[in-house]
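Input: structures, listed below.
Here chain A shows up in two complexes: once beside chain B, once beside chain C.
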Partner chain A sequence: MTQPATPARREGPQPLLDGGGTGPGPGPGSGKSASGDGGAWRGRIFRADVRTLSLIGVLAALALIGGLTQPDAFLAAGNLQLVLTQASVIGVVTVGMTFVITSGGIDLSVGAIVALASVWATTVATQEYGFAGVLFTAVIVGVGCGLVNGLLIAYGGMVPFIATLAMLASARGLALQITEGKTQMVTIPSVLDLGERDAYLLGVPPLVLVFAAVTVIGWLLLNRTTFGRRTVAVGGNAEAARLAGIDVRRQRLYLYLLSGLCCGIAAFLLIVLSGSGQNTNGNLYELDAIAAAIIGGTLLSGGRGTITGSVLGVLIFTTITNIFALNNLESATQQIAKGAIIVAAVLVQRRTTSTP
Partner chain B sequence: MAPEPSLPEPSPPDPERPLLTMSGITKSFPGVRALDGVDLEVRAGEVHCLLGQNGAGKSTLIKVLAGAHQPDDGRITWRGDTVTLKSPIAAMRLGIATIYQELDLVEGLSVAENVFLGHEPTAAGFVVRGREARQSAAGLLRRLGHPEIDPARAVGELSAAQQQIVSMARALSHDVRLIVMDEPSAALDPDEVANLFRIVADLTAEGVAVVYISHRLEEIRRIGDRVTVLKDGRAVVGGLPAKSTPTREVVALMTGRNVEYVFPERPVQLPVGEALLTVRGLARTGEFAPVDLEVRPGEIVGLAGLVGSGRSEILETIYGARKPDSGQVLVDGRPLRTGSVRAAVRAGLGLAPEERKAQALLMLESITRNVSVSSMSRFSHGGWLDRGAEFTAARRATRELSLKPDRPAAPVRTLSGGNQQKAVLARWLLRGCRVLLLDEPTRGVDVGARAELYAVIRRLADDGLGVLLVSSEVPEVLGLADRVLVLREGRVVHTAPARELDEHRVLDLVMEGSPAS
Partner chain C sequence: MPETPRLSAAASRRRLLFGAAAVSGGAFLTACTSNEPKEGSGGQAADAPVADDKPGKPVTIGFAGPQADHGWLNAINVNAKERAKKYKDVTLAITEGSNDTAAQIGQIDTLINKKVDVLVILPADGKAMTQAGLKAMRAGIPVVNLDRIFANPQAYRCWIGGDNYGMGLNAGHYIGEQLKDKKNAKVVELAGLDNLELTKQRTEGFDAALKNYPNIEKVARQAAEFTVESGQAKMSQLLQAQKNFDALWNHDDDQGVGALRAIEQAGRDDFFMVGGAGALSAMQAIESGEGVLKATVLYPPTMAASAIDLARALGQGKGVGGMAEFEIPSSITLYSAVVTKDNVKQYLPTGFK
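This part shows the complex of A and B:
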């Protein structure tokens, strides 16, 4: 797992301490100000930490369960690589989804975009252009779908739920039309090789590296750039953001573009992983991604988002799947467990998140 | 359904015995005290008018009365018994019905279904007797003078006036003794208002009390019995006779000060020099007639007028949040693209809007981020934020305005109203804005913190900013501004240096030609 600093740190009581050397050090004023209603905001830092820590705790508990029930199989290096690889595809999608939800929106079309991008990038015609052709097509199809979503929502005034629901239906339909329901096998060796053990870097599969890179970039984008700030502002109070001089519509457009881009990248990862493109790819990814973001601590109503939480949410879900598979338990039980975790996580957050 | 059918019922109604007494009602929200020990006494069969400017506490008070808000302190007595209104249902059971300004009807349901929502006539406990409901609803609508409304129609298809009648029918479907009407005439044309008054008269003849909220003073004179005026969360006067009190006295109570504020000294001479902000012939149909004004560096220009005079609309149109039908806004002599907030901000305008929480602040975010949100490009290189520089600059701005507490990382929602306003001002100070548009800058600010805010605003002007100020409190405009424009019904009726005006003169100008003056 990547180790970006937790989002809690940016709320530190004296941001100068980790804010780089430009400003003067915390003067004597900072010290004496730690009184009065300080409890309120100190509590918030505490809560943010508790959220991240509790997710790590859940992950550790799951690892313990896995290790106890299947000591040999679960802890094998190969299994760890498998879990992380499986988490990569949905993880990349979830990073994009986290941005959209933080801005107060929703993207229901991610699974369908992954499917469409994966089949468009694996047609016989595309594969003639080799590795670059496949990668390029997957990304462009993803961004293109995101562009349509973004234009409809930001400039067409459509509700995100409806616009992306329409995209879900159309993209799936188009994917089916392209494949006619057949699996399109990848014939390009360099693409297939990426999924092979030989391509692992120090034991880390390339797909996991991509996931890690997307996570780090996503975290930096959300927490360290004006783009991230605008995203949070639009989600927290769109009217206030508009009156503060932020171009809310353009920001919304960019956000759905970003989600589409993530879907394109995820589609490429899926092509590498499965060695094929299918119109059934990415089934219900939208629900998995939303669930992971929500249990991670991103507010569905917008205004607060955490990439760290989202990634932990993805890892939790993937680990559950893995443990159940290793123990030969039915997928029915597994789904019930996932549902229970979502409910538990949201209940815990409601207790720890005070509404203003 | 009849509340407390026991003891007090048979005794003859005593007109002087209050039906409802609220005493010492206090209610605070984070950052502001909305009600500060309000008393209200309502008698059976009277029309009791509740008056006050925006933000005076009227909505909070009627929500307490409707059981939607729980008071922090105070006592409510209903027909001689102390009661707690734990929920809207509890209030309704006692016979208190509220008709809100934003009607709370379900548009997809029929008229009859809306009227009996929550207490439908049923068979076997759960089967709704539709025909019976429709018949009863038709009876109520007849009583309200609107037999033409079909009880089977969907509420969404009705006009606003008809929806209001449905809302009233819903109130009457309970055994109601007190009806609260929140600006019932706002959406009605004169004929419909006449019908509304007839209904109110019928109700009071039956002994029902009506608490009537309106901004239209002439209405209050026509149907009101007594008046309570709220200001800054306090009842400045209770139970004033509605018909014999001069309108001007009522207005003075609403717009006047109940504390002597210390206003900062004005510069000895009116600022001269090239206008920073010039507005030429700006107009929006139905909101305000062509407006011309100028603001010079160092000058505070005030817009005085009652609710509905177009004050806020003018400010928001200058800022680009509304698109004008005609006219121009110039900053430093250069015309702005109208209807674009971004163009206005880039040219150096900054707005502190009336609804601070809804329109200005990111309530989940820290002070720093609320201050820096309009200047992010200054602290970024290719989109990458220099958070150290951001923090330092934001803190410099908040310190300049003595924002308390001096903890830039504290969430803005933990601040008091006055300090939240300072955060908004710091945002524009940091941005380097040239003209500040202030819409009700002391709304929701505790009375004690206002003088400090006035001093801050004057200091910003002394530093060369132009300030355009809107306030519903006449003394605030007169005390703070250098020059005052008086508005009436969307028109500028008078312009003068503030020191040449006094409260009486402004009130005369504001009310001139209105039927009740």
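This part shows the complex of A and C:
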């Protein structure tokens, strides 16, 4: 199955590899040469490492700022738990989003799906079925919305931007219709307990464990499986992927399903975290998830994706929010700084990745 | 500068009684000096015809509001509908709520074309909807402007709404009275959406009230977004930043659900909390007395019911009960009462979900 992915893999990231060949870079005609392929791989891994390191550098710089400005509050163990918990919900969504963007698509409906799933899973009727009922409903609603997105895009021939924009509108509408604007409180003790301090496993909140598990599975799926290679291939050059024998449409369907599944899981985490379901949940998640994936190093045009980068991107955003809140800065300043940091992070990455 | 309202209902009642006694005493003395015949002295209040529960001239009221996407706005719709149902002579023409200014203008045009007798409008954006109000007034349909005020007074016949500044003021005074004997007391504020003018007004009122208590310092303020999710997120950060403080004012009970969740998750109970708006869940928590939530400052959604009353009085050409004038007032600002365990029972039915 590696053969079909090969041409596409070259198509996508090639411009970025320019000037960066450390090994015997693959010439245009050396597609079948195993050694050339290995060289490209080494080059890519090297690149990826520099990129990851630069993100870790940004995160370390932020941690330094936090530690210097608020030494007591920022460096406390409780604060690390807090930052990771706050990152969990959007983090799970971002993992799904990374797959979609890697394949050259976009999912604007993630926030709305989180809202709908969280609302559907906390209705009085659903709550009668207890913990399992809430979890099952959240996941199924997420997958269901992903299925609709996938069918419209893969088989209906709709542009992802439009199809998921339509889903955004209708899922938010449906969420509003279910709640009538009311906040739906969770009454199941086992669901609520999961978000409390007593549920921490060796100091790690269960939400963070789920986030970690989704990250690891996502990383393996993207980097170590045929599914992942097909995703990169479709994003790099869909036509080449099709000619190489990949069922591009089915692959796209799976990817939006995956994004929906992540939204369902995130919705459940949000229910646990906030102890409620509300139609305003997941507000602007689509932008946060896309921003995190992009500063992480995933190409918006597709063909290259990195789960590690995305997760670091999420952590950077959450840490910024945390530092600003701890220093009691107003939200206007927070937003300005957030914008500046996105630009800075991308520029820094460009710089570090374009110098051999 | 609005007058500083007293906190205790008893105090204001006392003042009212005293004032009434003084006025009636004065009136009595004045009457005694008079040599004029009783009739036709002028300048006195006649018995103005007021709108009451008895059926009168039938009135069709058009109601246009924003999309009810959170608890308070939903309560506005419910209050308007229930109040209209109460009167046999009122027909309510209600439009689908919309947050889009253009869509709402279209809906108001439809109501104008339907030739309703009176319009009640809660604009999605007061300033942006001014033209729609003007158009209705020019078409001869009086407008009752609910809460979010139009930019031009010619766009409405009567404005009725809440008092955001007063809300902050009363929250500040309540907290101040609770903490006045405590040295170096610390207060934290969890504000609503900072993009909105009303959030700034609430904060201004809160700060103004706290100035009366030099022993109290506001140590932190963070803005959430009126949602449970943002309330949980911002509150957990505030709790991390502020290891000890004495009181918290949260602008909005909807985001307060998230804030309370964060407080519970952090296991904190070293302070008391005051909410805002008057959600049912908040009132129930106040009634139970357990937990940190001890009070909430109202922003009453019952204003929609009052708006229907005003619109009906307008349509029937009457004044309102309890006032001497022949017409309804041109502007009514509602009081933001502080709901505590002592008085929560009477407010419970107005709590919204």
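Here are a few things to note about the model shown:
The criterion applied here is as follows: the second predicted complex is superposed on the first by the 301 of 356 C-alpha atoms of A that agree within 3 Å, B and C clash if a C-alpha of one lies under 4 Å from a C-alpha of the other, contacts with A are read in each partner's own complex, and residues count from 1 in each chain.
In this section, contacts are C-beta pairs under 8 Å (C-beta built on N, C-alpha and C of every residue); 3 or more make two chains touch, one makes a residue touch a chain.
Nothing here was measured: the structure is a model prediction, and the numbers come from that model.
Of the two partner chains placed by superposition, A:Leu312 touches none, neither chain B nor chain C. Judged by the touch definition given at the top, the superposed model places A:Ala76 against chain C, while chain B stays out of reach.
Shared-chain residue A:Asn322: touches chain C; no touch with chain B. In the superposition on chain A, contact of A:Ala117 is made with neither chain B nor chain C.
Contacts of A:Arg224 after superposition on the shared chain: chain B is touched, whereas chain C is not. Of the two partner chains placed by the overlay, only chain B lies in contact with A:Val232; chain C stays clear of it. Look at A:Ala241: by the touch rule set out above, it reaches chain B but stays clear of chain C. Touch criterion not met for A:Val210: it reaches neither chain B nor chain C. After overlaying the two complexes on the shared chain, residue contacts for A:Leu273 are found with chain C alone; chain B is out of touch. Per the touch definition, chain A reaches chain B in the complex via residues 10-16, 19-24, 29, 33, 36-38, 40-41, 44, 224-227, 229-230, 232-233, 236-237, 239-247, 303-304, 356. Of all residues in chain C, those touching chain A in their complex are 67-71, 73-74, 194, 219-223, 225-234, 236-238, 240-241, 243, 254, 257-258, 261, 264-267, 279, 281, 353. Interface residues of chain A facing chain C in the complex, by the touch rule stated above, are 70, 72-73, 76, 78-79, 82, 85-86, 176, 180-183, 185, 195-197, 270, 273-276, 278-283, 321-322, 325-328, 330-332.
Residue ranges on chain B touching chain A, taken from their complex, read 30, 319, 321, 341-342, 344-346, 351, 353, 358-366, 368-369, 373-374, 376-377, 380, 383-389, 391-392, 405-411, 413-414, 427, 431.
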